[in-house]
Amino acid sequence: MESLLSNFTSPIVMAFVLGIIAKVVKSDLEFPQPIYKALSIYLLLAIGLKGGVELSTTAFSDFIWPVVATIALGIITPLIAFAVLRYMGKFDISNAAGIAAHYGSVSAVTFIAAISYAESLGESPEGFLPALVALLEVPGIIVALMIPQIINSGSGSIKKALHEVVTGSSIILLLGGLVIGYLAGPVSFEPVAPFFVGGFQGALVLFLLELGMITARRLGDLKKAGLFLLGFGIVVPILFGILAIIVGLWSGLSIAGSSVFAAMVSSGSYIAAPAAVRIALPKASPTLYLTASLGITFPFNITLGIPLYYLIATWFGG
Amino acid sequence: MKLTELFLVTIVTERILRDDLVDLIRDNGGKGYTITDVEGEGSRGTRVSDFEGKNVKIETVVSREVGNKIIDQIAEHYFENYAVIVYANPVKVVRGDKYI
Amino acid sequence: MKLTELFLVTIVTERILRDDLVDLIRDNGGKGYTITDVEGEGSRGTRVSDFEGKNVKIETVVSREVGNKIIDQIAEHYFENYAVIVYANPVKVVRGDKYI
Amino acid sequence: MKLTELFLVTIVTERILRDDLVDLIRDNGGKGYTITDVEGEGSRGTRVSDFEGKNVKIETVVSREVGNKIIDQIAEHYFENYAVIVYANPVKVVRGDKYI
Amino acid sequence: MESLLSNFTSPIVMAFVLGIIAKVVKSDLEFPQPIYKALSIYLLLAIGLKGGVELSTTAFSDFIWPVVATIALGIITPLIAFAVLRYMGKFDISNAAGIAAHYGSVSAVTFIAAISYAESLGESPEGFLPALVALLEVPGIIVALMIPQIINSGSGSIKKALHEVVTGSSIILLLGGLVIGYLAGPVSFEPVAPFFVGGFQGALVLFLLELGMITARRLGDLKKAGLFLLGFGIVVPILFGILAIIVGLWSGLSIAGSSVFAAMVSSGSYIAAPAAVRIALPKASPTLYLTASLGITFPFNITLGIPLYYLIATWFGG
Amino acid sequence: MESLLSNFTSPIVMAFVLGIIAKVVKSDLEFPQPIYKALSIYLLLAIGLKGGVELSTTAFSDFIWPVVATIALGIITPLIAFAVLRYMGKFDISNAAGIAAHYGSVSAVTFIAAISYAESLGESPEGFLPALVALLEVPGIIVALMIPQIINSGSGSIKKALHEVVTGSSIILLLGGLVIGYLAGPVSFEPVAPFFVGGFQGALVLFLLELGMITARRLGDLKKAGLFLLGFGIVVPILFGILAIIVGLWSGLSIAGSSVFAAMVSSGSYIAAPAAVRIALPKASPTLYLTASLGITFPFNITLGIPLYYLIATWFGG
């Protein structure tokens, strides 16, 4: 309970709420587009770099099982999501696959918020987790986009969509950062640390202010999304989170690491996936998949989900 | 200065189609184009490119035939599933033969 | 492709009027609009929006009647005190009935 | 509202010519202009202004004579060595006498 | 004298001068619009956050009187300014009220510069002062906009203007920052401190470089503004400054705090006020109110006013 | 050899390579224009400030000879470059002069990378070197633009071009920064140091990521540039580098200082020069001069040149 409250008074979460409030009261506060882009370049590169530096001092045997777990969940979660949406939610194939692609992938900001939360409790989740984010980003999208291809021939261009995902800016920055950090190692990284480590949490506050404003626009679409999707956007992440905690602990992750892993797996992408789905499944409704991943699951995870996963991980792993 | 009458075709659409439409213009004989970042509203709502900078406006000065081909292609491939508006008007162009 | 003749009304004005003009377009029957950030100079000097990004250009494709209404309203409410230019030209629009 | 028929002259060119063209417009009797940052491709490739923001589009509403003068001047001074496209179309302008 | 000189060699003031010089020599130096906006979001949020953190450790009794003083001055100063402009300066009602609205409100940058100046002298002005900036921003504008409504029915939309002021980005960021800082407290604030505290002074240098360039454009309008406004833009701030020092010391502020308070009260808004005035009093000339607040009072305060207020506060309070 | 490798694992160089890769795989990674501009404003101002602070504690006699050396090389190098291009490369006058102008001037980023490299080896090159960058920026361009004027009457506007160079943003920021830093001195500079010094290396990583992407576009033009220019872009910088090392050591610079000086002198401008050349020599092909300075010499210097100059300086000066 207390740890939940501590999440609500974190500057990151409160900045997100401030962004929502700003839009609700129709403030003219506006975040310039280029700044938003620059912040996301910075955040992704910074995660990658830090992960890479950590990787360079981690034994291979320590992260091989978490890697396997990540890939497995990247394949299974979109399939589960698709089945639930198609057979329980009665969505058509395009929409079910489109939404599933988002939940197969990952929201980097949710990941960062989970790391920050764990650290604010004095925990230190494994340093190589950013490598798993990069790993988790792609397969889920691919799996989900394949489904309509297999069931019937999908109308959009899957090849173009795959190129879009694999060369997407988030992958380039995360993977690129990982490699640079790995090759640089702690010593060469030191001079750039004040910028990429010292400034990180503060930059995140600005980013979440903007995400709050973007999310607020989505909230207006909640009605169009319907009750089923609302439930889906909360229940499925919790299920995925529990699954991830079990698999994570099993693969050797620490309790804190497993809770961060859960936040990752349960989160829905809202940068890489939407672009790919728009191309590969043009008939899928952006309103549905963006509202689910950005309007429902993201705020849920950032406020309640992350402390919840931590609680569950403590139960399971304690 | 000699002025040639050509057509200015203007397309406003989702940012995600930007590169595809540039290819489409080239493939149909367009010799150049100008792109502007814009915002807008029409009959379709949500964009996936909220993060990417809203809409783009693509303008291309072309001959009547090329213009018609471009318009037909866009109508065929993008009208059903994407947010897009296309319109055209005649313009007098300096050194017009460069663009035919 | 069937093309309908409509009017493209272009308004360039102070950024501060942006939301008001969008409302004005909608209230008079405009079905959509496209906005571009621009800079410019005309007969009026100082803007209060130096900080806010200069001028905006608002373009809307409408029927002749809607266009006339929009122009009249802008003239009545904004010409005296604000920096604004309005012009219109006919355009051929694909799927034109969407915008009437 | 009384509408005057004038000409909208549109110039798309390298950013580096921006201030020169604004001067050129003023010197030839243009009363105002609107500038947009754009990107584009045509027959010429490399810009030196990769760092500076690609191309600019300059639009000016002018009388036919002023328009012709502007076009002639641009053709004379810039066509040979710079990337530039110029076109014009008639527009109906509100309070048109302000711009003559 | 020496302390005046030290103000002139502060990087902040010199960056402002550099900005003016850049425009005077017609340099192509240009500050991208989005960066300017991002910097002002950052600066306002940072002031709010720091103020909020300080508030969370301040006793209510310490700042209740300064709050009263702030509100009182927020009401009185625009009335004085209006009277001077209307009856001595012979400005029409719209212009007098429009300019008065600017002087009733506050320039956040002037406030920050005053804080920096005090700190550079080894002083530590009260930490809750940013809360007073947020408080002072709104009432003065409202009071001034009401004047034409009372005298005769003003033509513009006062309601729209009020919404504009109250939900304006500066209020959202300042107040939002205050609340977040207050709720977070020093411990939760720590991880974001390198970004919001460490980087603050440097970001301010960039901001003042841009403000110098914007001010330079105003300098060309000085002639149109006329001699009376030039005198007004210097004499009235000094008067307001002295008034604020007296009231500030009386309310319990320290000497340094009172001098910062004086800079605040004497300053003219050039972000919130112009937008509101343009809407509520469309007949008021932007050239007049922007030249006064940004072209005259701002440079005066930033260079001479701030050290002067400090000097006077030292005399009065010593 | 080892020091060469250490340059390749510097985050700065790797970010540059990542930028190239991003474009080669056609990633949608894009660096917003305003951020690029803001970063270059920041970097130039930061170099100036740091240089100015250092100057304020340096004896005049220490840098008078390096100043003389800089001016001399600023005049000689464009003349050599012109001669090589015109008589060996058979370029026409416009193109030869246009390219020569670039090599007479200086690339600030190459300079910064050289400083970082030297510091990463534990060296401390002279603090006043940024002053030399500002000095070297202008004369080479002027000299080169004069050549066609002297040979025959050049067609473009040399006066406009000169104004462009002298009031160009890089000069304003470098010189302005120098003066501000000099007047502020170490004490007043301290509060802004976290922003301008602490964040510097990290900001440089982002900047080189973008430069990598811009360079990648140039690589496509390599073919159009031809073999001669490719050789020119590598051999001439090496020659200029050796020349600069000799002159630098003679003028009293340290070994590390001379190696940085060499990087500076050997580098080609790609911000100030292109704009000036486009105006003064409109017939010169931007493809040629940009490909040479940005597509060939810049990547060469940043990867191989800088360690090479250091090696040579160690031989000569050891």
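Each chain gets a letter, A, B, C, D, E and F, in the order it is written, and its residues are counted from 1.
As a working rule, contacts are C-beta pairs under 8 Å (C-beta built on N, C-alpha and C of every residue); 3 or more make two chains touch, one makes a residue touch a chain.
For clarity, every value in this text was computed on a predicted model and none was experimentally measured.
A.B. asks: Hey, how far apart are chain A and chain C in touch steps, shortest way?
C.D. replies: So the least number of steps between the two chains is 2.
A.B. asks: If you apply the touch rule, which chains end up adjacent to both chain D and chain E?
C.D. replies: C, F
A.B. asks: In the touch network of chains, how many steps separate chain C from chain F on the shortest route?
C.D. replies: 2
A.B. asks: Between chain B and chain F, tell me the centre distance in angstrom, where each centre is the average of that chain's C-alpha atoms.
C.D. replies: So the centroids are 40 Å from each other.
A.B. asks: Just give me the whole-number Å value for how far the CA centre of chain C lies from that of chain E.
C.D. replies: Going by mean C-alpha positions, chain C sits 35 Å from chain E.
A.B. asks: Would you give the residues of chain E that are in contact with at least 2 other chains, written as numbers and ranges?
C.D. replies: Residue numbers touching two or more other chains: 32-35, 37, 194, 198-199, 275.
A.B. asks: Which chain D residues sit where two or more other chains touch them?
C.D. replies: Touching at least two other chains: 36-37, 89.
A.B. asks: Chain pairs in touch?
C.D. replies: Touching chain pairs, listed by label, come out as A-B, A-E, A-F, B-C, B-D, C-D, C-E, D-F, E-F.
A.B. asks: Which positions of chain E touch chain F when the two form their complex?
C.D. replies: Going by the criterion above, the answer is residues 6, 9-11, 14-15, 18, 21-22, 25-35, 116, 119-120, 194, 198-206, 209.
A.B. asks: For chain B, which residues count as touching chain C in their complex?
C.D. replies: Contact set of chain B toward chain C: 10, 12, 36-43, 55, 57, 68, 71-72, 74-75, 79, 85-89.
A.B. asks: For the complex, which residues does chain F have touching chain D?
C.D. replies: Interface residues on chain F, with respect to chain D: 33, 36-37, 40, 214, 217, 221, 270-271, 274-275, 277-279, 282-283, 285-287, 290.
A.B. asks: For the complex, give me every residue of chain B touching chain D.
C.D. replies: On the chain B side, the touching residues are 1, 3, 6, 8, 22, 31-37, 61, 89-95, 98-99.
A.B. asks: So in the complex, which bits of chain D are touching chain F?
C.D. replies: 14, 16, 45-54, 80-82
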